[in-house]
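Common to both upcoming complexes is chain A, partnered first by chain B, then by chain C.
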Partner chain A sequence: MSQEPHTETRPATPTAHIASIGTALPGDPVDNASLAKMLGVNEEWIEVFIGTKTRHFARDLATGEVRWSLADLCARAAEKALYADGVDASAIDFIVLGTATPDTLMPATVNDVADQLGLDQVPTFQLQSGCAGAVQALSLAQTMIASGQYRTGLVIGGDVCSKHLDVRRDLSDAAPSDLVNFVLFGDGAGAAVLTAEPAGQRIAVRHVLNRFTGLGRKAGQVIEWFGLADRHDDRQALTEDYKAIEEGVPVMAVEILWELLGELDWEADDLDYLLPPQLSGRMTRRITEELGLPTAREVSCVADTGNNGNALPFLQIEKLLGEMSPGEKALAVAVESSKWIKAGFALEKI
Partner chain B sequence: MSSPASTFTLDAFTRLVRDEIGIPLQPEQVSADFDELPDWDSLYLLKLVTALESATGHGVPVGKILEARSLKEIYDLAVPA
Partner chain C sequence: MSQEPHTETRPATPTAHIASIGTALPGDPVDNASLAKMLGVNEEWIEVFIGTKTRHFARDLATGEVRWSLADLCARAAEKALYADGVDASAIDFIVLGTATPDTLMPATVNDVADQLGLDQVPTFQLQSGCAGAVQALSLAQTMIASGQYRTGLVIGGDVCSKHLDVRRDLSDAAPSDLVNFVLFGDGAGAAVLTAEPAGQRIAVRHVLNRFTGLGRKAGQVIEWFGLADRHDDRQALTEDYKAIEEGVPVMAVEILWELLGELDWEADDLDYLLPPQLSGRMTRRITEELGLPTAREVSCVADTGNNGNALPFLQIEKLLGEMSPGEKALAVAVESSKWIKAGFALEKI
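Coming up: the complex of A and B.
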């Protein structure tokens, strides 16, 4: 049985506002030449097929040393967001973190972030999610502010994908689906201060979409976690059905775009900026072409940052803030190919 | 060990594809469009490009190879007549 979205009964999205953004990328960028050498693969293939030029890793790939935890990166991004808006941390009423790669299963990383920020006695939430996690965090934060109970929240997204990138093992027989992870992914975090009233950057969040659409669909991306009983399994830790992603994500991105425009009653020509899904430099270029919005300026970061999961929307918004003028509109599209989640949001500077 | 391009035959290429990628490629499928090869995944090019460079002893035109529609086209690009 097919299920249609319940558009008729959905109330209009109440508005919250992004006051500021902060981001954190660990260490120096790692270029394709260094990665190609480490992996024994063709550098040009990375450039042409993946289209990503650099990425940042929290872990020193050569030695395996963990230089920054996810909590470290998230706290650094949150500090920057708080500093940018001149908000004292004590004004924060709640924290929501979206991540697919928490430092530990317990405590939830969001609580370590709160600790690093010197916050106490605040509600914290952590959403376990891939590329849609930042949008889910935004959705929850917006709902909390709309409830009237909370006025200022921290929305954080981040991932440390390098946990599953081990170049010290023998990669000569590694499957292409294993090797590709090294060149696709990166680490990073981003944070936004969300407020009830316009403040700081005065970016109104006009709509947030977060919907599971994976009924009966095989997962397009899987990240395993290993415990004491199964840690010696030789399962690949991070697998992607690249073919399904290549076929499915562009179609879903177009559907998300038109659904968001319909919800907002915006015309495609109204859009000043488009924040497309950030899979890889090449896939993002392809998806942007298929979205077909010649008048909207594309705001992307993945070619420079790598796919660092839940940090991406914040990195895109940070770039957007440098360009956006009052009255301008932006629309973000995200797809989580794990269990096929449609996500996106609409912003307007006021 | 690298072998000169001229000795890297189409049969050797077919074996290389089978060994490196592990898809059960039959000789008659070498010229088939990728859409007709259900086991094909564009991701396999990562391994294939590296293996081809090692087998032919020289670089291969990656950009053109990514646009190829069949394994035979890839062979012709890697081993020009």
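Coming up: the complex of A and C.
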């Protein structure tokens, strides 16, 4: 065990590898015309202000029927990841799931996922987190493998944001800052098999950044839940300081990019791929422009999937895997605007 | 890094140490007479069936007013732990919080705790878990320190169960299996400073057990949360299979005890202290009898604090610290009945 004090994953020493990826999106894509009709809002406004074309929902918005639970989506994504790598489920010695929208508070959804996968006798962890949750799960899994105590793990991220979509509400006079909560999000899940030695896709995790930077800063996004005692209170569950997000996230994204490059001793020109934050089609375009990496190819999915939270990095990595050649480098940037978490990771195909 | 496959923390190789503990219980203790009066239930029934004498609540049950958030309680406990050890907050390089009842879904409560503590630029993790959450947090923190990537961390556990206490409900005809949800629980938080090298109280964490064992088993306890779309549904939020818990937990506790002793190569007679599961005063007495360790002194708190979930192991360790001498050994057993997690840990004062 090393004795020097340091607070983060050491760069350039891959101690974990992504062997495979699986993702799951519920049902058919819902386009802006359909969404606008269901919510009673203007289709053009969605296209211009949000810039997202389609998304998937786990519940039938018209009837409220829940068609897929978060556990269903996560298990499906994990099965695909296991199948893709030909990994026997018995090789998995831990599961880490990141989500902001668990099916229930207890049991943790990760345990229902383990049950669906036929896994038993393994440690299971579920992280409560927003847009940084998938990166936090990756960070923990990397650390667990680096400790030498674990060798192969399932890292899962997913969200069912439609649990917060009350389609019975009349949105005709809703302010844009409120309306955004109804049109920004989607549902989905993703999973990765992480291994100590290179296997399958042979993607080395070179560095993971995960750092709280919210001291003294008001939360940019709040999602409340209701208990038995307060569920009939007439308060808002989702609140966003969209102005703070619009101003803060691009600045933080640039800081994360340069911080990651510095830690890795990589030059901006070394990057073959950039996985930018996936807030919305419009915001992602803006952030990518500000990051200013002309030589790196952008890998984004939000315009097709909506912001489905902790599923996003897996959806991006899945697209990346189709393109990446040995020796190529990719860098992912994620920002959690709830209480301002800087997150990101660096991948290299070996 | 070791290459052999193994799925758990290696025993007998302390890679983390508890330097100090802090706890926080909200307000004055509420005795059975007061609770019985507030809920309109029989005082004697609480005493006989639950066996818990007092508990603390973060909300005023009479008015519904929230007096302490979970973040408030966790920050207070963490401050006490930091103060007790004389640790400068700047030495903390990560925080892990375990809870089943976060204040909000976003931000994760751990980030509000960090803010209250004046901490910034550190990784923060929040585990969604029931009775095993504090052990899971301890397990992760131990692994993080064992990885050599981190040296000093705050491990926090807490729950505000009273978020689920609807005192407006008429309980006069409630079945015991329903009533139990109103009288079993309490609120509270606890925290520990974990260090790579022995410091402060010099308690070596010899082993941590955390294992999902719920494959194919129905959840023994479910806590649902309500979103914007479904909060007016007239469904039950807390459901317990009390019979399954009463039958399953004592058996699992005995299995955990012997499994931990086997991993540690300790004899039952070696144990100076036993920290049994803290389900309720009555269940804890029963389990302790079944564990059958006449030479080990029992360290329990539930009769005074109620079942306050992820705070319990910290409350037990705090009591333990007042008694433990160098060379003495303690073993803690915890069971999460939601989806059947075996948990426990072994401590030795050095």
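Assume the second predicted complex is superposed on the first by the 332 of 350 C-alpha atoms of A that agree within 3 Å, B and C clash if a C-alpha of one lies under 4 Å from a C-alpha of the other, contacts with A are read in each partner's own complex, and residues count from 1 in each chain.
Rule of thumb we're sticking to: a residue touches a chain if its C-beta (ideal position, glycine included) is under 8 Å from a C-beta of that chain, and two chains touch if they have at least 3 such contacts.
The shown structure was predicted, so the numbers you read here are calculated from the model rather than taken from an experiment.
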{"item": "Partner chain in contact with A:D166 - chain B first, chain C second, else both or neither", "value": "second"}
{"item": "Contacts of A:P102 with chain B and chain C, given as first, second, both or neither", "value": "second"}
{"item": "Which superposed partner A:S177 touches (first chain B, second chain C, both, neither)", "value": "first"}
{"item": "Touched chain A residues, chain B compared with chain C", "value": "C"}
{"item": "Contacts of A:S147 with chain B and chain C, given as first, second, both or neither", "value": "second"}
{"item": "Partner chain(s) touched by A:T124 [first = chain B, second = chain C, both, neither]", "value": "second"}
{"item": "Chain B versus chain C as contact partner of A:N111, first or second or both or neither", "value": "second"}
{"item": "Partner chain in contact with A:Y83 - chain B first, chain C second, else both or neither", "value": "neither"}
{"item": "First, second, both or neither for A:G214, with chain B first and chain C second", "value": "second"}
{"item": "Chain B versus chain C as contact partner of A:E224, first or second or both or neither", "value": "second"}
{"item": "Chain B partner contacts - residues on chain A that touch it in the complex", "value": "40-42, 44-45, 48-49, 176-177, 179-180, 242-243, 246"}
{"item": "Residues of chain B touching chain A in the complex", "value": "21, 41-47, 49-50, 53, 62-63, 66"}
{"item": "Footprint of chain A on chain C - complex, ascending", "value": "1-3, 5-10, 15, 59, 64, 93-95, 100-102, 104-109, 111-112, 114-115, 118-130, 136, 139-140, 143-144, 146-151, 162-167, 196, 210-216, 219, 221-232, 237-238, 338-339, 341"}
